[in-house]
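You will see two complexes here that share chain A, one where it goes with chain B and one where it goes with chain C.
And then the complex of A and B:
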């Protein structure tokens, strides 16, 4: 297989530009808007991965994000007056333990949900999210509704928001390339088969629940990594951080960006974060009733517009425009496959569909 | 067959151009006053032409002007000689209805005492312009929109500081927000935060950020005096408490529990509904029946106060004022929905005294409020237009007014030194003559306040009104040593119910017909 420049060049150019962003972007834009974009993008990418490539629309990804955050808070904070276990462990050890716990929980919850599909899967994972919210709210050993405050990142990142930006950038790209690679492994291809024809895949001998469980656990791990970054960035976490509102926000981010492409998650996150922070700064926008209190209305209208105009989100819109501009005769099937996240060259090379 | 290298290059080019555009568009949001002015929410957009002109003068001109005035312009964070101020309120969540109140309260201080003018005659959210104290211009650069969650509070304060360039923040409104913001203050020592209304004990007693100042009492301080009266006057021996399950609720209940138990009472049941609960029936069911306990103390705020009392009526029968008491959220308005049976209930204090207590300073404050705007749609008038004093004599608006007042007096006291160190030192040493009483700060920059106990009573027209029955002077946050930085912050379990000596038990000043008797 030859190196396909067209596949690797765009992400690399984006990576270079984003790596250089601190040189010309304002501090707020870099350390707030973009860092938050990367964190939410990583979490939303796991929704895109599960939904777009596994047929599992999960509402529990923000729970995984939150579990990792709560675990960091419980394990690494020791200050008097803080809530939780206050174990005061080494921050890096806390990260390892937090991610292990998050992944184990994801494995268990993924196994429970693995035999459901469609709306039932969505509802079951939504129930997980609600249970998680009340668990951390009611069980004061781990948090209570007041949450855990005073969570510091490891010393190397403390008071260095630009470093945290680079960590978030690097982990975002790592997540993107990892998920892209996984999609093309036999496991990923089987997952896509399960997405399209679970009964047929089962009849062919594939263990459908196991694939779903493993995919959910992997997504939980990655959402947990984003959750660790978030709690370092925000310095605190409380149950309302993972309540129904933020849970739905994450799904909205995935929908805005588009469920068909992984990169849509970060684009959706950027639109969401930028709208939240810059919409109110547009001159005269408050004259038409759009103030900071109307943010949810604007995002709701945007989602409505996207669902009507481009069900595949912003990335889907890009694909449509590209198809419209391209000369007649271009291989439509290839585009269709690209829309569905398959790389025709790879799948043709492998041809491993059993 | 599919993607050619040319296509890839085109994609890359598109991505590059898009990112550059985005970065260019957003990269101009630096920390200067200019960006702040444009981002000051409704404030700048709606400012009158003259107000806009004064608010958006080039920084260089301001520098020169400030220097000529002799103000210590060099030391401020932004280096422009102007003090950029942000107000952190809540436009969503359980206390979203108080947004006008709190922004109005903070603005009133600058309108009354710093020569500012309101940008609208019917809404405080449009901001103010033209404020000057000790020769230093004060600019309102942004109004934060919280939703009662610490997450949003941190993100909004970062926006106010990092994008809008705020050097001083007035706020926040609510308990958990304040703990998160005090931790933020610790990490950002140059930013000065003057608490709005938030009343969690932990914010100042445990976190102890050097640059976080609270000129209002915490929830426990506000409830000083009520446990003594309920035990020694109303004769309660046992009580059940139902408490919002978050830091302010715990702190507010802690004040009652500490004093009621110190006086010899016993708290037999504690129930904790989450903040923002809509159906309280399962929590009310956990309370003992009226014949099993002498009384109930309610610490359920915001949108939950009425809903929880209605659930009680449905489950356990009509309200009897002799058997119920509550913190600041118990107000005469509840009688409209629940009937006059609530009359007789004792109510904890808040930042300001009820309307039946007057003084020349209070009258002047009310007149200033009513002169600043034609009307304000505050929470007490159901967010319908009403005289501004309706909103600003209630604790939310008043606490924010005191925060603004503290900033102004601190600047006047140090001759306009707006360097972080100069401003913070001046704030820490301030004795504030506020309309509803003098306020000093303890070593944790926490106010020592006079607390008032009120009672809901029937007036001559048979309507339920609030009446002040006692004032407890000089209540400090430690409650006579019950609370300290080393004791666990108030929570579901803490404080325990123990008999003790509180300095003011039996020493509250009775108030008769609005006149303190001592």
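And then the complex of A and C:
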């Protein structure tokens, strides 16, 4: 197979620009907006992966994000005043153990949910998320509502927010390319088959619940990696950070970016984080009754607008505009190319070619 | 459909046996063994057992009111209304506000000042407001995209965020309470334990709601259309029946029930930001256990979930009481292991 420049060039250009960002971006923008964008983008990408390619719209991804964070807190913190188990393990060992635990939990939850799909999956995983919130709130052995504070990243990242930015950047790209590669493996193709025709796939001999469980576990692992970064960045974690609000926020990020393309997750995360940080600085915005306190109304209206106008989010809008502006012949050729490249984004579950 | 292909009869019965064994073990624990718990073994502390049972039963009543509205809407339209909890909270706030107007005081209302009327009227006003908003939301945002269930769920999630934020802006962040009527606020004695009459009143309302729903769905023409619509919408349409009107009525009634739940819930446990989310969750747990779209399922799910909520904290060993939330998860997992679409649910079409 020849290297398809149109597939690899854009991500590489973006990577180079982002890697150079600390040279010209303000420190606030780099460490508060962009690092957070990468972490939330990684977690949201797992929603896009599960929903767009597995037909499983999961609301439990932020729970996985949180479980990994809580485990880091329990395993690596040793201070006397802190909550949790206070095991005081080596930070890197904590990372490994936290991710193992997160993946095991994801396997269990994924297995419980594996025979449901679509809207049922959304509701069930939403219940998981809230049960997780109450679990960490009520079970003081692991956290309690006060949460765990004083969580330090490994020494190499401590007090180096720019290094953490680079780690988040690298892991975001690793996540993106991993998921993109997984989608093209036999496993990924089977998953897309299950998304479209679960009964037919079962009749053909595929183990549908197993595929769903494994996909969920993989997504749980990746969301867990993002959760580890988040807890290093934050230095603390409490159950409120994985409550219903943030859980829905993550789904919103995926919706804003678009469920049909992986990169949408990071675009959605950027829009969300930027709106969160800069809404107040838009001139005259407080004149029309929108203040920072009403952020949720603004973001809710934005989501409503996106879901009504462009169900595939910003990336879907981009695809549609690009198609509208291109001459027809070129578009057909592009479609043909996408077909050969087995691009999953060309066909949604309604079977339309986009 | 799916479970037949991937599971098969042997696996199904094995899961049933496991769940039955768990049920027997739980019953034995509650009856004879639960000595280190806050309630004590039922055989020695029958009063505690009855109280816990009544707690579960009355909570199940409220759960049923909320979940029946949710499942009614889903049954006919396949719309998952994620704003159901927001309608609940809106009705709760409106009812509280209206009650304060009727009593003429904004705080420190005592039950003696509340007549039956100044509880029932605010409850109906709150429910009506929720029902009207539900109808408007349906006509504006959900009417034109039937069948696109994920999109509808996302739309209602977005709406629920806006409503929650606006409620916070208009009613503040403090917890508020609706006051039960004084005529009903009594305690009675049962096996040496005091028990609140208002909780039984809550159960009575839910029984009335359940009976009303049963009559409406099974004995009226509109109910017949709705039941037919659940089974075969296209056919009902083809027979020249106005299904769209039935849809609107159903959404109105479903939202009304959410509002009723809100007013009762505000009297029972108060209303505050976040109550919307927790009652949406309660409704979801009930319908996932019972099976989406089934009234029988809503009743069964409410009973199971209500009992689990009441019994888990009372009958877990004292030092493990905070693991009560896990019991909900186990209940959910157990039901889904036997019936992936809930107790009375039909496989997804």
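What we mean here is this: the second predicted complex is superposed on the first by the 330 of 354 C-alpha atoms of A that agree within 3 Å, B and C clash if a C-alpha of one lies under 4 Å from a C-alpha of the other, contacts with A are read in each partner's own complex, and residues count from 1 in each chain.
One rule holds in what follows: a residue touches a chain if its C-beta (ideal position, glycine included) is under 8 Å from a C-beta of that chain, and two chains touch if they have at least 3 such contacts.
Nothing here was measured: the structure is a model prediction, and the numbers come from that model.
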### Query
Looking at the overlay on chain A, is there a clash between chain B and chain C, or do the two fit?
clash
### Message
Quick check on the superposed pair: does A:15 touch chain B, chain C, both, or neither? Answer first, second, both or neither.
### Response
neither
### Task
Identify the partner contact of A:140: answer first if only chain B is touched, second if only chain C is, both if each is, neither if none is.
both
### Query
Does chain B (first) or chain C (second) touch A:275, or do both, or does neither?
neither
### Query
Where does A:101 make contact in the superposed view: on chain B (first), on chain C (second), on both, or on neither?
neither
### Query
So, does A:208 touch the first partner chain B, the second partner chain C, both, or neither?
second
### Message
Touch test for A:317: chain B only (first), chain C only (second), both, or neither?
### Response
neither
#### Entry: Broader residue contact with chain A after superposition on the shared chain, chain B or chain C
B
### Task
Identify the partner contact of A:251: answer first if only chain B is touched, second if only chain C is, both if each is, neither if none is.
second
### Query
Where on chain A do chain B and chain C both make contact?
140, 293, 295
#### Entry: Touching residues on chain A, where the partner in the complex is chain B
4-7, 9-10, 12-14, 17-18, 21, 24-29, 31-33, 36, 80-81, 83, 137, 140, 144-147, 149-150, 159, 234-238, 240-241, 246, 270, 274, 277-278, 280-281, 283-287, 291-293, 295, 331, 334-335, 338, 344-345
### Task
Sort out for me which residues of chain A touch chain C in the complex.
57, 112-113, 115-120, 122-124, 126-128, 130-131, 134-135, 138-140, 198-199, 202-203, 207-209, 243-245, 248, 251-252, 255, 293-297, 299-301, 303-304, 307-308, 311
### Task
Could you pull out which chain B residues touch chain A in their complex?
1-5, 7-9, 11-12, 15-16, 19-20, 22-24, 26-31, 38-39, 41-42, 45-46, 91-92, 96, 99, 125, 143, 145, 148-151, 154-155, 158-159, 162-163, 176, 179-180, 183-184, 187, 202, 206-207, 245-247, 250, 274-275, 485-486, 489, 491-492
## Note on the structure
Per the touch rule, the chain C residues reaching chain A in their complex are 1-3, 5-6, 78, 80, 141, 148-151, 153-155, 157-162, 164-166, 169, 274, 277-278, 281, 284-285, 287-288, 292, 322-326, 328-329, 332-333, 336-337, 340-341, 348
